[in-house]
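In what comes next, chain A is part of two complexes: it sits with chain B in the first one and with chain C in the second one.
Let's turn to the complex of A and B:
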C-alpha cells in the first residue's frame, strides 16, 4: 500500500502500539514461563530463597521415582488410547454423518456439547456413575450378573474408568474430520459408483485416503492432549488409588503442593518434551501432511 | 445415496443407528442425570438415585442460591469471564489487525510464534505462573485470573481473528485510504466491523474456557472473595454436605451459561473448530 508508506515513523509507532499488548502477554505467559521452567528444572529451589544449580539431579530423581515413572507410563497409555481409539471412533462417526443421515446436523451439534460443559460438573456425574451403588454396576450386574465393583477405587480398574469417560468428548475430533470429509469432491464417488465400487470400497479407497491429512492432524491433537491430561482425573480420583491414575500433570501439581518447585519444573519439562515428541514422531511416521490438512490447519 | 434393502444393508443400517444413538445418549445422559438429581429430595438421592423423583423439587434451586457463598462465587465467575473475554478480544483485535493487514519484515515469524503457543501445554507452567502472580502481588485476586485467561487464549484467538481479517478484500481498505482514512480509521471503520464474526468466534472460545477453567483458579486463588464457581462446587461442597440435591442444583446453575452460549453460538464454534485444530 503506497499511501501507507508516507509517514514511516508514525506508522511504525502505531504498529508497535497495536502489537505490544498481545506481545507483552505472550512474553509473560508463554516465553518467560517456558524459559523459567527449563531454567529452574536444573536447580534446587523450594519457592523461596536462592536457586542453587544442581545439574541433572532433578531429572535423575524423577526418572528413578516410581511415582513419576507411573505417571509417565499412564500418560503414554492416555496418548495411545486417545489417538488410536478416540480418533478412529470419531472418524467412523464422521464417515456416517458425511452421508447426511436424518438429523445429522442436530447429532453433530449435540455430540460436541460435552466439550463446553465444565469438567468439574461432568467429573461429579462420572463419580456417581462409577459408584458401587451406581447405574453402571446396576446395569452390568442385572444384564451379565457381574459382581459390583468400585471402578474408581480399585487400582486395577481406575485408569480404565477415567480414560473411558473421555468418549463423551469425541465430538471435537469428529467435527474436524467431518468438515474435511465434506470437502471431498462428490464427483470422485460418482465415478467410483459408475465403475461399480461398493459403499465399503468407496470408503476404503476414497474417503480414508482423502482424510489422511486430517486424520494425522486429529491424531496429533488427541495424543498431545493425552500427554497433558490433568483435569478430569484430578477431579475424579486425585491420581489415586495408590497413584494408579496419576499423570505428569498431577505429579507436577503434587510436587508443587509439597513445595518442591524445581522438581515440579522438571516434571513440566517432561510434559513439554513428551508433547513435542508425540508431534514430531507422528510427522516422521506419517510424513508431512497433504494439502487437505493444510486446509484444516 | 440409494441402497437396495438387503439383509446386509439392514444389519449395517441398524449398527449405524445403534452407534449414533448410543453416542447421543452418552453426550446427553450425564447432563440429564444432573438435572434430575437437582430436582430430587435428599432422601430420594440416597434411596433411588437413578429413578424418577416423585415430585420435582424446584425449591432446591432457591436453597442453592440462598447458600452464603454461591451468589458471590457466581458473580466472581461472571466478572472474570466477561473481563477476560473483553480484554482478550481487544488485545487480539489490535494485534491481528497488524498481523493480517500490514506488511513488514518478520510478520510471519511473529504470527507463527504467537499461534505456536497452542502446542505448549499450559499446565506445565504452573510453577512460573504461581511465582509470577505471587511476586506481582496479584495472588488471590480476580485480576490474576483475568490476566491468565486472557493470555492463555491469545494463541487460539490470534489464529482465528488473523485468519478472518486476512480474508477481507484489500480493495475495501485501499478505497478508504484514497478517501483519506488513516491508520486508526482503517482499523475502526473498515476492518473491525467486518471482522465481527471472527471476533465473536474467538470470544466464544475464550468465554467457555474462562467460565469452566479449574486448575489455574485453584492454583492462584485461596479465598471466597476471588474464587470462581467451579472451585466453589469442588471445594465449598462442605457447605452442601447434608444437602446434595441443592449442590446438584448449584451445578446446574453453573452450566447454564455454557449451554446458553452453545445454543446461540454453536455455528460459530463449529466453524471455528473447522478453521483449524483449536480446542475451546
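Let's turn to the complex of A and C:
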C-alpha cells in the first residue's frame, strides 16, 4: 500500500516537474499581463506614478471616441476580408494545386514565399507600388487612361489598398488547406469519376465537405489575425489619413505613445473581447465538426 | 571513496575561503570602478556620433579605474522612445544616462522618482553655462529632472538655384511675394514646397503651420484655444500650401519622402532642423551651396521670430549609491561643458543649450547660427508646445483638411479636443 502511495506521489512529482516550466511561462507571459491589463483598464494611469481607480471611465471614453469606433469598425472589415476573401482564395489555390498540375511544386513555393519575407519589406514595396508616381498608377493610366491616384493618401481608397496587399498573400492558409486536401482518400474521387461526376462536382461534393474542419480552423485564424491587425497598416499609413485605416492595435499603440497606459489597457481588453466574440460567433455559425475525424470513426 | 569525498570537501572549503578573502581585500583596499551605462541615440550615422564617442573615450582614459562610461547604442529612435517609456512604467530607469525629447507629454516623466533632480545637485557655476530660457523650459514644478542639451531652430530651407531657374532672385519678404514666387516655380515645372501629412507629427507641414500660427497669433499662441482665429487662418494657409504648391503625394507622405523630394531637387522649399545640414546626401546635391536658411514671410503681425525647440534633454537615473551619483554628475558636467559641446557642435552642426564661443565655419551651419541670433524672439513649434497626442491629431486631420473633407474651423475644433486643460 505504501509502495503504491510512493509511486503515485513520484508520478505527481514528475508531472509537476515537467509542467512547471510551461506553467511558469504561462503565468509570467500570459496570465499576469492579462490580469494586469484588465486591472489597469479600470484605473487612471500614465505609466508613471500611482494608479487611481476610475471605474468604467476609460470604457466610456473609448466608446464615445469616434477614432476608437472607427478602429473597431475597420477591424471588423479586416476580419471579414481575411476570413471571407483571403481564406476562400487560399482554398481555391489549394484545390487547384492538390490536383498536381504542371509546376505545382514551384507554384506552391511561390505562393508561400511572401510569408517568409519581412512584413516591413513587403509594406515598403507596396508603399512604392501605391505611390502617385508608382507602377500601379503607371499601369492603370497607360491601360485605361485612369487619372493618377494617391491610393494611400485618400481616405476612400487607403483602407482597401492596405487590405488588398494583405489578402493576396494566401500562402500560410493555402499550405494548411493543401495539406488537408492531400489527405483526402483518392478512392473517393475515383468512385465519383466512375459515377460520371465532373471536376466541379467532385470539388463541390467531396473536397469542400472534407476540408470543412480545416476551413473553419483557417477562417478562425484569419479572422483573429484581422481583429488584431497592426503591422502593415502602421508601416504604410500609420492609421491615416484622418484615421481612415486605423485599427484597435494602432489605437492601442498610439495611446501608449501618448503615455495613456490605462486607456491602452482598455483598448487591449476590447481587442480580447472582440477577438473572442468573433471566434465564438464563427464556431456557432459553422460548428466545429471535422468530417475527416467523423469518417475515421 | 570516503577519503576522496573528504578531500574534495576540504578543497572546496579552501577555495571558498580564499575567494572570500580575496573579495575582502578588494573591498577594503582598491576603489571599485563605477560603470555608467549611457543609452545613447548619438550613434551610428548620427552626425554627433564621432565627437560623442571621442569624448567618452577620453573621459574613460582620464578616469581609468574610477569611472567607466559605456555607450549602449540606440540607433532606432522610435524603438528607443518605447524603451524609455516602458522602462519607466516598469519602475526601472532605461540606463544611468539617457535622453528624452522634452515636451508636455514627456514632462510626465518628471513624476517618476527614478530620475535624478538636478535642481538639488547642480552648482550655480554649472547652471550658468546653460541658456537660462532652456533651463526654465526644462523645469517643471521646481524640478529639473532633465538638462537641456540639444536645441534646434526650425527654419525654412530655400533652394536658390531652383528659384533662379524660375526667375526669382531674392527670398520673398511678404506672403504675396511668396505666392508669386511659388507660382513662378510652378510655371517653371518645379514643385514649390515639400509638405507631408504622414507619420505621427506631419513633421514638415507642422513646422510651416507653427510659423504661420506664431506669426498670426503671437509667440504665446500655444496658450490660446486651438479654435482661435490665428490657428484657423494658419490651417487655411497650410492647406493652400499642400493643395496648390506641394507634390501630389503630400497627403500621407512621411518625413523621408518629404526630405527626399527636396534632396532630389523636385521641390524648392523645405523645412527642418540644423541636424539635416550635416547629411552627406545633402552635401552631394548640386544645389547644396545655393541653399538659404530663413524664416517664412510674416503671415501676421508677429515678425522676426524663429520657431525653436528643445531637441534632446539629458536625464540621469536617481541612485542611493553616493559614489555612482558623484560619477554621474562628474560625467554630466564634463559632457555639458562648453569645451565638450563646442567639439560636438563642430562636427555635427547641431545647436545646443550650453553657451559656447563656438561659431561654425561651414556655410550652411553658419546660416543656422546667424538666423538664430538674428531672431528677436523664439517660439515653440506645435509638437514642443502641445505634446505628442495633439500633434498626432493634427497630423491625422491635416490629411482630411487637405482633401477638403473638413473645413479649417472643423480641423481646429478636432485638434482642440485633444488639448488637456
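The working rule: the second predicted complex is superposed on the first by the 265 of 297 C-alpha atoms of A that agree within 3 Å, B and C clash if a C-alpha of one lies under 4 Å from a C-alpha of the other, contacts with A are read in each partner's own complex, and residues count from 1 in each chain.
Simple rule for what comes next: a contact is a pair of C-beta atoms (placed from the backbone, for glycine too) under 8 Å apart; a residue touches a chain by one contact, two chains touch by 3 or more.
Because the structure is a prediction, the values reported are computed rather than measured.
On the shared subunit chain A, the superposed partners chain B and chain C overlap sterically.
By the touch criterion defined above, A:283 lies against neither chain B nor chain C after alignment on the C-alpha atoms of chain A.
In the superposition on chain A, A:261 makes contact with both chain B and chain C. In the superposed model, A:133 makes contact with both chain B and chain C. Residue contacts after overlaying the shared chain place A:32 against chain B, while chain C stays out of touching range. When both complexes are overlaid on chain A, the residue A:155 reaches chain C alone and has no touch with chain B.
Contacts of A:204 after superposition: neither chain B nor chain C is touched.
A count of residues in chain A touched by chain B and by chain C gives the higher number to B.
Of the two partner chains placed by the overlay, chain B and chain C both lie in contact with A:47. With both structures placed on the common chain, the touch criterion links A:113 to chain B but leaves chain C unconnected. Put simply, chain A uses residues 47, 133, 256, 261 to touch chain B in one complex and chain C in the other.
Residue ranges on chain A touching chain B, taken from their complex, read 1, 3-4, 10-11, 14-15, 18-19, 21-23, 25-26, 28-30, 32-34, 36-37, 40, 47, 92-93, 96, 99, 101, 107-122, 124-126, 128-129, 133-135, 138, 167-168, 170-172, 175-176, 179-180, 199, 217-218, 220-221, 224-225, 227-228, 230-231, 234-235, 249, 252-253, 256, 261, 264-265, 267-269, 271-272, 275-276, 279, 296-297.
On the chain A side of its complex with chain C, the touching residues are 46-49, 131-133, 148, 150, 152-155, 158, 237-243, 254, 256-261. Residues 85-86, 88-89, 105, 108-109, 111-112, 197-200, 247-254, 387-389, 392, 395-397, 399-400, 403, 405-406 of chain C touch chain A in their complex.
By the touch criterion stated above, chain B contacts chain A in their complex at residues 1, 3, 16, 19-20, 23-24, 26-28, 30-31, 33-34, 37, 49-50, 90-92, 94-95, 97-99, 102-104, 110, 113-114, 117, 119-121, 123-132, 147-148, 150-152, 154-155, 158, 173-174, 177-178, 183-184, 187, 208, 211-212, 214-215, 230, 233-234, 251, 254-255, 258-259, 261-262, 266, 269-270, 273-274, 276-277, 279-280.
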